[in-house]
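First, the structure itself, so that you have it in front of you.
Labels run A, B, C and D following the written order; every chain starts at residue 1.
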Amino acid sequence: MMTPVDLSVELAGLTLQSPIMVASGTFGYGTEYADLVEVGALGAIVTKGVTLEPRAGNPPPRICETPAGMLNAIGLQNPGVEAFIRDKLPPLRDFGVPVIVNVAGSTVEDYVAVARRLAEAPGVAALELNISCPNVQAGGLHCGVRPDLTAELVAAVRAACPLPLITKLSPNVTDLVPIAQAAVEAGSDALSLINTLVGMAIDVEKRAPVLANRTGGLSGPAIRPVAVRLTWEVARAVSVPLIGMGGIMTGRDALEFILAGATAVAVGTGNFVDPDVTAEVRRGLEDYCRRHQVTRFRDLIGAAQVG
Amino acid sequence: MMTPVDLSVELAGLTLQSPIMVASGTFGYGTEYADLVEVGALGAIVTKGVTLEPRAGNPPPRICETPAGMLNAIGLQNPGVEAFIRDKLPPLRDFGVPVIVNVAGSTVEDYVAVARRLAEAPGVAALELNISCPNVQAGGLHCGVRPDLTAELVAAVRAACPLPLITKLSPNVTDLVPIAQAAVEAGSDALSLINTLVGMAIDVEKRAPVLANRTGGLSGPAIRPVAVRLTWEVARAVSVPLIGMGGIMTGRDALEFILAGATAVAVGTGNFVDPDVTAEVRRGLEDYCRRHQVTRFRDLIGAAQVG
Amino acid sequence: MQNSIMMRSRRATVVHRQQVTPLHTQLRLRAPEIANLAAAGQFVHLRVTSGADPLLRRPFSVMLCDPVEGFVDLLVQNVGRGSEIVALAGVGQSFDLLGPLGTPFPLPPPHAHAVLVAGGVGVAPMIALADRLSRTADDHHITSLFGARTEELLCCWQELAGRSHEFLAVTEDGSLGEPGLVTGPLAGILDVPDPETRVVYACGPEPMLAAVARMCAERAVECYVSLERWMGCGVGACLGCVVPAAHPAGDTSDATYLRVCKDGPVFAAGDIDWGASCL
Amino acid sequence: MQNSIMMRSRRATVVHRQQVTPLHTQLRLRAPEIANLAAAGQFVHLRVTSGADPLLRRPFSVMLCDPVEGFVDLLVQNVGRGSEIVALAGVGQSFDLLGPLGTPFPLPPPHAHAVLVAGGVGVAPMIALADRLSRTADDHHITSLFGARTEELLCCWQELAGRSHEFLAVTEDGSLGEPGLVTGPLAGILDVPDPETRVVYACGPEPMLAAVARMCAERAVECYVSLERWMGCGVGACLGCVVPAAHPAGDTSDATYLRVCKDGPVFAAGDIDWGASCL
């Protein structure tokens, strides 16, 4: 006979029944996993990146496996914000958990337009800004690599849209702290970290990169130590809640992020390996709380920071 | 009856019988592996980092395992350049392969002093500058994260020491290319990449970082995609030879770096997993060359870049 | 709902293992639900290890099902680390299986002449289809062509031959059956007054599929192919397994690329942009 | 040279497996060279998988060797992923072993009274030592103390008892032998007119080792302990397995920290800085 553990957390004005979310691009629009996962038990669903116009995405091959990880270069394939709101949002809403829409674009105006449109659509709980997209105005530079560009983008969306704003940080930088601080000062209610590390695999028989896009984003357990370190560093520098992600497969993995200072976690690549992974992570967190007589899960947030 | 394959390569004025070296800090001073590895078959030995004064290193725990990788925070434990020359160099020399000494320090003067001293010592084939050490003058910042600091350090050593200079690059930066170019313009004859990614693991039972140093350097197969990508990017931007490393365990792994543009490769963590790894990598390269009728190994360098 | 039963992942235990060629292993797994639900052309997504390396699942076509005994047979070609772990699995060992996944082969109309073209390990779903057709009451005529580089790679050919009215083996080196490629004999079968009475099904190397697709297109013969791509999720979520679609129509995101795991692995040959996909 | 034979890594096949407790497995491996060379206190560095996860080797003490048959016995406590793979290995399965590694226990002078103190799975090297001593001709007197939380954790105690002149089991819950900690009975053994005639050897949890070291220091009794640390290379190259040394002397780099894999795992208790290491 096990006593239930209260795993609920507050984040960007939302109350999540569980700190376990699914990461953008790894859970489609929810329906793909409806037959496999008790979606209603998730803390939140984060959608695949949505852009203003429809995007076809990159030519294949788009993914390849690496040691304890994978590379992907999907290229933001998505139907565009209008079709998203028309076709994808209604079924998403029906799962009864907060829907966080991941937003991407090539210009600040793109982001603003998508954000405006989503603000009008019923059932969007929050926006997650993917700032690791090439910005045409900034000469293809990712906004996410510079505090000033990050601030400009976040501020513009903040001004245009009342929804809770989560900024998703890229790990491919020399120092993430000033970028995180810029995102917060510009109005982010929370931060997601980390997005993928830029990597490459080469097909030695073909003597060419495996991915048609040449480089891709590295995800999975391989990157967890980098993600935990960045969560730890950013948690010391900002006061908004963090959503930690990067290679989470078990409750123990999730706890590394929570103890480092994350309020919630997101599972990405793990969903591909085992659709039961989010339930498994939940069991792990509950067992841990029982073993350690933790009555309020929240008390674990950042517990490894002291001392 | 197999025809021998010529694996020799030219690098920083040295001729290596094989493109396979061992990475700094993972092969001690050679003698530790003398009973296990045919050290004389290696292309070169790179020593553990040597500093001006002896260093005790960090308190334990210093290492921990991660998915397909490991974290280390040894803290440059070494006997100092004098004891190195007296006790470690003579047996190293006896292996009959080029000895590349990895140099570390806290100030530009440190590096220069160590380099001067090593230039006088017989049997040092080249220096590898580890520029990812906290620089006290630059407020603890790693020289390796800024082109200007990198150039200053390399130029100072270049001026003080006639030995071939290899600069070892850190992957923990937003853009490695300008740093690589700065190192070359300042006089590096070759570049090594990559050093470890900064990571952290948390002991969830103790609710504290596993390593006494909190953060550590991530190495092993997990980081290979990041290392191959950086090798590919830097190879396009500079004309000096590259020594590629990061998670190499097989000939196929080594070929990813060679095809991306590296002239040689170094095996690090792989030595811990299997002391036979360098022989295994060599067999793999020879088999590949035979299968593809590659008569001169050099022809494979950067072959994945075209197209 | 029915679906929620259909796709849950489950452990399946190896009950029989046969080394059919030095490169191919036939594994019989105890997986009652999958045996019950799998249709010809569908696949299972198999987790090769509980560790993180190799990390991703590996897709394998369902070759044969025994709903009564609850058995599923897979034909595994050992081409790398993942398939090797599966190929070397002993009786009693168990794997986590996700499936059945993907779209099955559409069955031909009654009395139609089904032409099955298999290349190498692509024979697995063809055996599944032949088995299915030979169990229907609508009296299909089944002709099977099985091509490979050499005799040794004609794995499980008896399983296909035994379920076909005509069977022809084709090897590039002529070591068994006709010498050459399957496209030769296929031309003979399609060059008839009434090619439209035939329905062609193919699975094998992509150049073979492209050639078969072209031949059928030229003769206005209905043709279905089963494709292979690296897979992430296997359920349509990651968009990692796509192939270029032939006629972009309607909303871009769904039309430019098709997902092999969800929209396929079985496609009407005309839906694929062979020029772009066959790299 | 002799060394080059000593340390080469080799495959060893499991020839016998015994589940000694729900948590402990005794594995007998065929490893003739190691069986020939291993001395009490040395360990083997075992590669648990050919994949990359778990990546690093795992160290295990040699418990017993049979040089004639070429067998090496390991006692494996299932505490995590690596040890579980080893603990569950079946007969016929093989592992890559590196060893024997590390410094063995120095043997006591003839006629000395050897006191062996084991805690939990730390009994493995103590069994190796008792076996070694019982085979010498210098007529040692062997007293063994084996402590654990409860009876069930006194794995292989018979192996130790059978090789000792006196044997005492101690459990914290009193479920077997004396209730309490080994340090209690140890005091009795050391509080004699001539404690200097005794040599103490200990392996087990670090708090136990620290306590034993202190008791011996107070009584000027020679004491050797076997330590455990995470290991990378296992051969002294990575400097990852260090413990703080007691009296920094001579050149800093060698003296501040000692390598458990190379300078140990057996240390004279006085060489360790217990205050700093026992975290």
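Heads up, the rule we're going with is that contacts are C-beta pairs under 8 Å (C-beta built on N, C-alpha and C of every residue); 3 or more make two chains touch, one makes a residue touch a chain.
Since the model is a prediction, treat every value here as computed from it, not as a measurement.
Of all chains in the assembly, those touching chain A and also chain D are B, C. The chain pair with the larger count of C-beta pairs in contact, out of B-C and A-C, is A-C. For the pair chain A and chain B, the distance between mean C-alpha positions equals 34 Å.
Work out the mean CA point of chain B and of chain C, and you get 47 Å between them. Averaged C-alpha coordinates give centres for chain C and chain D that are 55 Å from one another. We define each chain's centre as the mean of its Cα atoms; on that basis chain A and chain C are separated by 36 Å. Shared interface positions of chain D, defined as residues touching 2 or more other chains, are 52-54. Residues of chain B found to touch two or more other chains are 67-69, 220-222. Taken together, the touching pairs cover every possible pairing of the chains. Across the interface of their complex, chain C is touched by residues 67-68, 221 of chain B. The residues of chain C lying in touch with chain B in their complex are 52-53. Interface of chain B with chain D (complex): residues 25-28, 32-36, 48, 54-57, 59-65, 67-70, 72, 74, 77-80, 83, 220-222, 249, 269, 271-276.
Interface residues of chain D facing chain B in the complex, by the touch rule stated above, are 1, 3-4, 6-9, 47, 52-57, 96, 98, 229-230, 232-244, 251-254, 256-257, 262, 276-277.
Residues of chain D that touch chain C in their complex: 49, 51-54, 81.
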